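As written, the chain order gives the labels A, B, C, D and E, with residue 1 at the start of each chain.
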């Protein structure tokens, strides 16, 4: 993180904050924006935006049915939705891991539709997958080394950084990731993504399987990274928590945007609560 | 009945033959028994030899002449030839002690009868026999151990190539044997075709084999991966590909055995109990160095680790910024080059044939599996075990069954260590 | 037979005929070859095809058989690991072959002999040496020009003994050719007073032969008999490496591996003094030149003489029978091979036949005189010796002729 | 060019003896590999053990034909047990190498000089099929019909083998169909996907794998009988690894885990082999193709067969009957 | 809402059982279905599990919690026969279970799910479900050949599966391959499939990680129903809301050993548990001021870092 240009963090976080505030001040009635053009009003200066993505795995079956999404510099975006809504697919499509059938993805104005993942990494995009997110036959250390594959010189420094976040990893650096417990794997996955200092970070359920204490850590870390100027898109089933920290949120259902709005708006929208958040963890 | 008919025909054939006056028969008119007696290269004169029929009716008794020879013309049939031991020179005896022979004489041919003579009490001392037998066993064991390493290292080289490609792409490449062959044939092309000395020719061949690997991935396997072809389909495709390669080589190289222009039938040197040709040592040295360097490179270098990462999870590797296609291409290049080198080494120690790689493919697979799938040093260890067992097992089993010994060991080792010698168990849950 | 006329072909088998396909002479002698183009014996293919081709060339130049040129279809026998020989036979039978020349491998022949002879077609192998064929149920339609190696084994064994080798090691390829020959050599040597101290049957496909040679080395025999095909080159490398060179031990070879091309790359003198036996009464040189005219790329000549003789005998028998139908030809094969005026090639023989004479064809591979089992009854074995250049002299040391069965 | 012969031989190959025997081997593999995920690369050994069981019983021991068949079947089942008891605990790829090794051991022992008295060495055995042909209901002669100008005839012996063979294939297919539709088959398929999951649901994975291995081996061994009976002889090298590879190729060509996949695959394979070769030889013989000689035709045939396999699988990686969706599911 | 009331009754009953128990590791329960003694599992130098004595009360919902790497999954592996313990013994329903192979454990009525899901990819969701059913007639070779022998049972099983799928919101996917499910859907299928076994004791390894909260909530109702039917539930979970909502008893593991036991409320206020596992914010989501404070903290740290950097 230390190589972020000196002025960048301030401006970035400031603009993000401004955006968040502006959104928060918007009248309650616009809490859930479902109208596409209205949604895209803010997309003019987005770092990353997708337009009408249609994508899927099997021939003839579309999982994403024209979803839009944009994220501005320094923003933290949350994506929530029921299981199988296509959240992971959306992230994968943006990251070049699922074939996009129509629609475009722009990164800082550049068209990156269906671009290879490794090329995106060199453009500063990082990604933590939901499943299969470690290299089982590599040791923890080597996993992290792979995280820093394109910037091998930085490995030592970044390793110290993530080791401080997850001390368990440092102790076990020589253990093969395949023998780790579920939560330990999740830590490795998160740490691996943090090795590169991306400017845009895509997180797919980073807190799943972690102990409450570490969940806290992950959310705080996400915020902190974001503060440092990194644009974050986060998919979470720990939805309430996610909406709490994000600037804006999207609710995805059946491959389409069902609701969008600021995190707070969504978290308090009764429809969203009933359909997606549940009442178990009442704030 | 049938046999009788055959015998009769043979008899008729014989008659006809006799009538037809052999155009180019051997020593004309020779039909009977003959022999030469020699002791330490010198003819032995005056030894009495008695020939009787099988039933014991005496035919003739002769004495050897100054050249040590004797002969007795006979009818065809089985005879008993007895050497009169009493008539031998005092210092001589018949080797093995048996002075009776029972040869058969065939129509129109002489049968030679041999009584090997030796100086009394010189060779075959009863006490020493046991001992030399013993030391012979250990000499043979030492030689076979050496041969085991010799063969094992070649297999290891080929296995390393296979293991690299399997480990990185998950492709069970049945065309790998052909990659071995093709390396050998490239070297042959440079060596015999263009008249380049084998050493530079081998270097060129390995480079060309590497290029071939690169091209294969670039133009073929890579394209298939891009189409999302599954591993099973790819495996069958590799069988098809092996057929194509093998028979292209048959067309261009031919079905016969060939040798390189240099180093064929290089005489061996005796080193302790082992006799080996100098080329064996050089080859083994090269093999060992390549194996260790590549093994370490896989463990230590960035590309090596990236290769293992790609093997584990290509999508995640791409997400980490690894150019998966590039890594795979490097591995293909390297794997094919190493396979090519294995081919050159095999051709050097044996000969070249268009099926040479196919013939050792099973051993290659055995080596890779035995060591633990997808680990470089596993391939080395596994192949050495295979090589050693093939050779050393011949101390006890007939050589025609030597592969049986090695394969049986393979099965037994896998039963004790199902994950291979160097493999690791996977965690459940 | 005859496959050129498709019209008759399609109308012919309209109804199931009751008896085995009897005389179906159509005037053209149609020959099918079933020889290895692929597989582990692929190296035997080119010389065998060339032998047949050379014979057909000469036959057709001499006016063909029954006034018509011989028709020939070539097919691949593969090896035993693939079942393609059977399909090849199906094709040849569909094309109305009168006789099929092949296969090289005894095992392959065994797998198709029923099919071929069952169709009333002659099965004529130039290279089968397994003694099974002597007693096989073949309806009198199986023939071969390669002797079942009894004589060669005897000659070689006697040679080994007469050279004074009281201890002998045998390295034999493990198939019917190798083991059959080795058995005979072993018996002759033992009867003659030598001792076979070690006999190794090796798998010709083995990755290497060091263990096999080490076994021989342990017994340090005076004479070493090498029985096999071209893989002998590998065995020789190993012998030289393990310190059993030809100048210290006497090596003996057989027709399968006595070659003028296989060992030339070895250091000068490697094979100096090595003796080998080859069936056939003539020095092979002249014949090989003729073969090269047919196929300039030939490197090996194994079984070319036998193939050539097989073709000539078939043509002569057809002429003698005045029919091209398999059963008729088969009935005459023994007759033209023995008992009559000697002749050595198709032209002279056929002229004699036309003059109403009884002929006795003596071929390149030997006198070939068939017994009732369709095996050659008599053979001539030449003994050749290698020189310093690792080639054998074209003039044999001696020729021995004898009855194969003894 | 003799198109009539080419078409006739090709059509006959589509249902011929080779197709039958490979189809049976492939059906066995389909049970083991296609449905259960067991990489049995030793199918040739099952065929060989059956064939030799028959041959040795009849030729060496001198018992009647049907006893030989029983011995062969029992031998195949025993081989499956012997292989299965120790190896079914192994990971899939290890099972592959163990079975391939076992098959080679079996073949090498069959062809060895040491056991020549029993197994007949490299030339094997013959003369054990008389009992089978004695049951032949067809009287001697040629049977078939003309398809336009193309004659399609088999002689009585071949027809008898084909009749038995295709009946066996039909029976096996019905068996596979019934089994794989049932809960039993469901367990097999589940084992293919993840053994541990199946174990956690209370199924005895080992027992099912063993059943599958034995069943597949016994079905495959029928192919060995057909070989021995059709050729009236048996040779060890027929049962080499190549045979297993080709049988696998057929399974994948037709579509793994499809009832009729292996049968169609076998047919396609032999049609490919025969059609290509006969066209080539005729073209060379007739002087239409001049750039290769007789010695190269065999090689070119295999090159084209190889290319054919590659192309078929590139354009239909799931096989002829396969389901594209199944292939698209990432096995990882 | 009938189920709800009985469930609470049931819960009350369960809680009544636990009320008088001592809050200490290894405390004996009045009617244990599972008793574990001295189970040890080591990997090289690492002792993953070292459980002294634990009992699971029949008919209760027991939560097993603990930090990541505490050994919970490994503990499950030992109990269910998927791994062999280095030492120890355990009984299920009074029957000694060590060394019993996994499938027999399941048949005995003790079924587990996997944390990293094991969907049977190329079987449909429905087939996955059907596989779970026990004592199927059609699963023996000979009977499989006669569909009439198992048709009826199959229909029953299917009906039961339909019901569960409906509940787990997977009904729409019933004919899809399990391999095409999303991460959360796989979790759901894993649990639903285990329930098809109708075990006495179901052991769920993080069943709700990655499942949508709204759905989690409705599924908790189902789990409570299971207790209603007399089933015993032992589950691992990191979602404290869920633990608090449904569990009658909580066992805490850390570094392989059981460090605490007790009712949810007691456990969640246990200092050691908070320290090792829950962290400071376990009881409620962060309030805005807290968030603010945290951010401030982070920012300060960041600035300090940047400062350092520029000084270099």
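The rule is simple: contacts are C-beta pairs under 8 Å (C-beta built on N, C-alpha and C of every residue); 3 or more make two chains touch, one makes a residue touch a chain.
None of these values were measured; they are calculated from a predicted model.
Between the chain pairs D-E and B-E, more C-beta pairs are in contact across D-E. Here the chain at the heart of the shown protein, by mean C-alpha position, is D. Centre-to-centre separation of chain A and chain B, using mean CA positions: 60 Å. We define each chain's centre as the mean of its Cα atoms; on that basis chain B and chain D are separated by 31 Å.
Per-chain Cα centroids separate chain C from chain E by 76 Å.
For the pair chain A and chain D, the distance between mean C-alpha positions equals 53 Å. Touching two or more other chains at once are residues 57-58, 132, 179 of chain A. The multi-chain contact residues of chain B, meaning those touching 2 or more other chains, are 247, 250, 313, 398, 400, 403, 428-429. Annotation for chain E: residues 73-74, 82, 114-116, 180 touch two or more other chains.
Here the chains touching each other pair up as A-B, A-D, A-E, B-C, B-D, B-E, C-D, D-E. On chain D, the positions that touch chain E within their shared complex are 175, 178-179, 181-187, 189-190, 192-194, 196-205, 211, 325-326, 329-331. Across the complex, chain A is touched by residues 43, 66-70, 72-74, 115-116, 169, 173, 180-185, 187-188, 206, 209-217, 220, 238-242, 245, 276-282, 284-286, 291, 294-295, 298-299, 301-302, 305-306, 308-310 of chain E. Chain D makes touch with chain B in their complex at residues 86-87, 89-91, 93-94, 96-98, 100-102, 104-105, 108-109, 112-114, 196, 241, 245, 248-249, 252-253, 256, 292, 296, 298-303, 305-310, 313-314, 317-318, 327-328, 331-332.
The touching residues of chain D, when paired with chain A in their complex, are 324-325, 328, 332. Across the complex, chain E is touched by residues 1-4, 6, 9, 57-58, 81-89, 130-131, 168, 179-184, 186-187, 205, 208-217, 220, 223-224, 227-228, 237-241, 244-245, 274-281, 283 of chain A.
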